[in-house]
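Some structures to go through are shown next.
Here chain A shows up in two complexes: once beside chain B, once beside chain C.
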Partner chain A sequence: MNETSLFSAAFLTALFSSGVRQSIPLIYGSVGDTVSERSGVMGISLEGEMLFGAFFAYLFALRSGSLWVGVLMGAVAGMLSSLIVAVWSVLFRQDQSIVGIMFNILATGFTNFLNRMIFGTSNANISIDTFQPIAIPGLSKIPVVGEIFFNQDILAYLSVVLAAAVFFVLRRTKLGLQLGAVGENPRAAQAAGIPVYRVRVLSYMFCGFAAGVAGASLTLSTVGTFTEAISAGRGFICLAIVILSRWNPLTALVASFGFGSIQALQIRLQVQGSALPYQVFVALPYLITVLVLALAGHNIRAPRELGVPFEKESR
Partner chain B sequence: MKRLSFFRESLAHYQGASRARKLVILLLSVAAAMLVGSVLILAVGANPLEAYYYMLIRPVTSISSIGEVAMYFTPLLLVGIGVAFAFHAKLSNLGGEGQMLFGALGMTLVGIPPVGEALGMWSLPLGILLGILMGALWAAVAGFFRVRFNASEIVVTLMLNYIAKQFISYVVFYPLRSGAEPQSARIVASLPKLYEGSRINWGVILALLLTVGYAVVIRRTRFGYHLRALGGSRRAAEYSGVKKNRYYFLALALSGALCGLAGAVQISGNTMRLMEGVAGDFGFSGIVVAMLGSLHPAGMVIAALFMALLEAGSMTMQVRTGIPVSFTSVLEALIVLFILLGMAISAAQSKRKKVSKT
Partner chain C sequence: MKRIFSLAMALVLTLGLMTACGSSGDTTSSNGSSAESGAAAGERTTVTKIAVLLPGSITDESWNQTAYEGLQQIEAMGYETAYTENVGSNDMEAVFRSYCEDGFDFVIGHGAQYGDACCRVAVDYPDVNFFITGNAPEDVPAEELPENIMFADYRECEGAYVCGVVAGLMTESGKVGYVGGGNNTTQQSDKNAFIEGVASVNPEAEVKSVITGTFDDSALGKETAIAMMEEGVDVILQTCDHTGLGVLEACSENGIYCLGYTTDQSTLVSDGLCLTSMLIDIPTMISSQIDLIKAGGYGGQTFPGLHDGVVSMSAFSDKVPAEVAEQVNAIIDQIKSGELVITPNYSET
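Moving on to the complex of A and B:
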């Protein structure tokens, strides 16, 4: 294909519009993880919670005929499954990386198991009608920008609302302050009367809830069916987004859009062919993350007690 | 200052615990996981005893199926001791998959024509060495980031998996592609078989020898002693003159070297060609081996054997009982989660005892 069509307005509009769709699960996942990381718990298990969300959202949407029932059950599945991680890593204070990885293995195995048992071995799962784009009156008429940002489905709009709400809660409310205190200095937080365990467990459950919605958006917003390991590493990309955006949900919104657009570009190049192999684009988000960790690592300040279990009884 | 996490504390407690106590925790964990697994099997209307027969007993009933078990056993054990090295230094190497892929690439580069033909039989040891080196280098990237930029090795090793996967995908799609399928040419020299009529090969012996090497390094050398000291208490180790950064770097590189070897063995003893997904899930299931074997050399051999039986038997189980292969992942993860639970409870109990004594 020639250069002019690659940079034509029509191509870019379609590309970034698809980029927004690709970024929806990333937004939910990274906003959820921002909350739990602020309180000191790393979301290594995000990937697995997304899978739980994706599977149960699909299952319930299919059986009930309602996409909203699907989203709700996906969110609940993500939240309930995150409870396992919360109990093991917060209450029993086990290593978050090991618990997280084991949980991901469990989630991959369990959702594949259920998928096979319920829908049989054929790979052709029944497709369901996905969420349809809603054009926002007025705004969607703006050239290019309108098509990209204001002609998306309801989960996309809600993801922005969620990011803004979380930003507000973290920055402007007592709850946000307490959350940050638990992640920065749990001992002082405990002395100030903040229930450290409860805050950590609840914020991790919120992360599971958001990851569940992220999974639901995979099956109900774009694909319309469940395929094994559908999350395909998005949970780990979310961890990268959280680091890149420095634990700020609004920046995470922008970073997610960037990663979503790279994903959209990669899909297009795979179809159309390009001078560069498509693997470069698939690897790009991970490469960027590693490089940013190196180049900006000194400036990035993670919550001080991130990943460190807190022991209540200690002096 | 970071306090010693309770995980390390309970792991340390667990490793200091009596053999009997450890064994009780392990056996109870396996039993509990199998019990939960039984409930899952019953829920889908199958017979748990039949399923466990196919997973644990059937694989050892013939020479050829024992060969299949060996195909899983070797990489499981190698990755297991690899991540165990990192665990001793309080580091989590979640990048076994990427390191295996680079090890596999190293073996392939030397093993396929024209280099392989020129080297003949020598391509095998040289390929293995290059595989080890490339695995170590890939892990050293994470080690360098950890030491130089204080970047979490957990996140970096995870990210490096995806980069490695895409790199290998690129390599087998373009430069090394041979024929219609995205895979490399066949390597010239493969690992010799141990027994005709079965796929079992010298990879098994290599893995067992390295397990002995692991035991010696961890228990009998200064390096191993310092590694464990760092894992026990970083501050105390640093005060006594252990160079933290050097050991972190070396621990990750060594960990990657063993994973790289696992990748090289996977090519030269199993697939004979480089292709996508050649590292399977060994990067993560190797962590299960290390945990189930509680970082103990003999323990990890038994753990790798147990897991190899599960994975080799799961295909037959799926065909005969209709229970999907993915059941084994559920079982593996449950086992480790129960072990962690057992460790936490056991450590908390002994702590309470200590408190009540004083």
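Moving on to the complex of A and C:
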């Protein structure tokens, strides 16, 4: 292994730029899930909503010729598909994990089905031009940091805006307070006149919207085409990130960046060459997530009524 | 107390998972010597219903899609066919059994990883023929393999070796890359043969290799290729289906040479950057089994490769100079004639 190149500015720049790129879907997903979990609904189905988002974003971007139409339709697809889960788990009060898992299986099959129906078994050569990096004037000239954070594509910048906006809403607005109340003590919230079901359904739809954008970022800013099961487990990583970041969207932003960077690092360590079996590297991002949870997670407190269906009439 | 117990349980389970993911280590295999260990001829000479178990999805433009094409050829001959996609290790045995129970009399496991499960199932269904598109399990002696299974230990590594030769001759930076998907024997022998091929023509060249651990994550494939380019890699071979499509995308975008896998992938990459693809004629490999079954005494092991056309190379792109093409073709001829023997090397490092 070449020790000197591991810590050179060029290496670090490349490493963390890749980390930022790989964290984009995670940021959207975990920020969305933060909102829905604050209101008491777990986003187990994030993975499936990402898939819907990824497929429809690609389809509409290809047909309309506009990446923005793609992103929008991906987000709408994520939101509409999340409605299925919201209705089942909030209004019909079914177990959120079971509904979520069922939905993920449905999403895999359904997006594969649509993909083959529309494109046959061969769409890999119908690729579209992806979002290109936009250098922010001035800031992008800062050595190392400029290249890493200020020379990314538009979805990267928007993810930061989204995380900040959600942080502000949750901390500083009446809406955020209501959302938290619904997740902590829905009975009291209901007594205070907050429409519990409506808040939960809407916050879950927001989660679907964000997951849709996460999927769109995979097809429209990374790969340029849809490949089946493209979400590849990222939805589940988002769930871990939300817990790790203690339901704080800005911490989730940082944690996503951390995960993306470790993923980027493990690839680069393999490229550098090592005698260790590759499984060690592939498992590295997940091992570190588990370790951080184990070490720093002793007093994590979830929203009290997270995952518990709320019944209006019961007492 | 309860908490400590559950923590301990979690630890044990995690460790169990980790060891399960680990590998079986080196095994010395005596392939090539015991060709066609034909079993005693049973009755099994009729075929009516055929099923395939696939490790991935039929849209990967690669490994799984070609098997699907093979199945379609069989269907066109008038047979009833079925397939199941994404059959992972925990489902293999159940899917094999359910096809046998449903009256399928020829069941195909597409990949060496299906060998173990197939051996367990095959003994219970002696009237059914099985076919594995990969080598037989290494820990089972050849004479103990169920006689109703045919293993096609096809020499994909010969194609990988040729890819290595092309990469070794075409690299300008002296650095080439290999992106693999996981650790089955085929993938390992691909990687090792590629490294051998590079070294045979360009001993100075360095091979950077990454195993992504997934055949489905095209985004990760693309980032992997980018990480290689940062290190100066200028030719990449990928053998990982959907993940590989991301690699091709990155090569196409950044003007780096790549080598295709299983099907002619040159249409997926712009400007002729896909120098050549190693083709595995899986459709024919699968559809030709029907005649073998009808001939009777089906089962044993075969070792098809470049010499019988199961493995071949697609036409070179216009980026490959004539003298390079000539040199590569000479090596292909040497392998075909048996002058140069590429032994599959399943070791992991």
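Following the convention adopted for this analysis, the second predicted complex is superposed on the first by the 287 of 315 C-alpha atoms of A that agree within 3 Å, B and C clash if a C-alpha of one lies under 4 Å from a C-alpha of the other, contacts with A are read in each partner's own complex, and residues count from 1 in each chain.
Methods note: contacts are C-beta pairs under 8 Å (C-beta built on N, C-alpha and C of every residue); 3 or more make two chains touch, one makes a residue touch a chain.
In this text, all values refer to a predicted model and were calculated from it rather than measured experimentally.
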| item | value |
| --- | --- |
| Which of chain B and chain C A:S82 touches, first, second, both or neither | neither |
| Which of chain B and chain C A:V282 touches, first, second, both or neither | both |
| Partner chain in contact with A:T222 - chain B first, chain C second, else both or neither | second |
| Partner chain in contact with A:F110 - chain B first, chain C second, else both or neither | first |
| First, second, both or neither for A:R93, with chain B first and chain C second | first |
| Chain B versus chain C as contact partner of A:Q270, first or second or both or neither | second |
| Touched partner set for A:N248, first chain B, second chain C, both or neither | neither |
| Contacts of A:R21 with chain B and chain C, given as first, second, both or neither | second |
| Chain C-contacting residues of chain A that also contact chain B | 112, 116, 228, 277, 279, 282-283 |
| Chain A residues within the chain B interface of the complex | 42, 44, 84, 88, 92-95, 97-99, 101-106, 108-110, 112-113, 116-117, 228, 233, 236, 239-240, 243, 277, 279-280, 282-283, 286-287, 289-290, 293-294, 297-298, 307-309, 311, 314 |
| Touch list for chain B against partner chain A, complex | 2-3, 5-8, 10, 40, 44, 92, 94, 141, 145, 148-152, 154-156, 158-160, 162-163, 165-167, 169-170, 173-174, 281, 284-285, 287-288, 291, 323-324, 326-334, 336-337, 340-341, 343-345 |
| List of chain C residues in touch with chain A within their complex | 18, 21-23, 57-61, 65, 68, 177, 183, 208-214, 216-220, 222-224, 226-228, 230-231, 233, 242, 245-246, 249, 267-268, 348-349 |
| Touch list for chain A against partner chain C, complex | 10-11, 14, 18, 21-22, 25, 112, 115-116, 121-125, 127, 218, 222-225, 227-230, 232, 263-264, 267-268, 270-273, 275, 277-279, 281-283 |
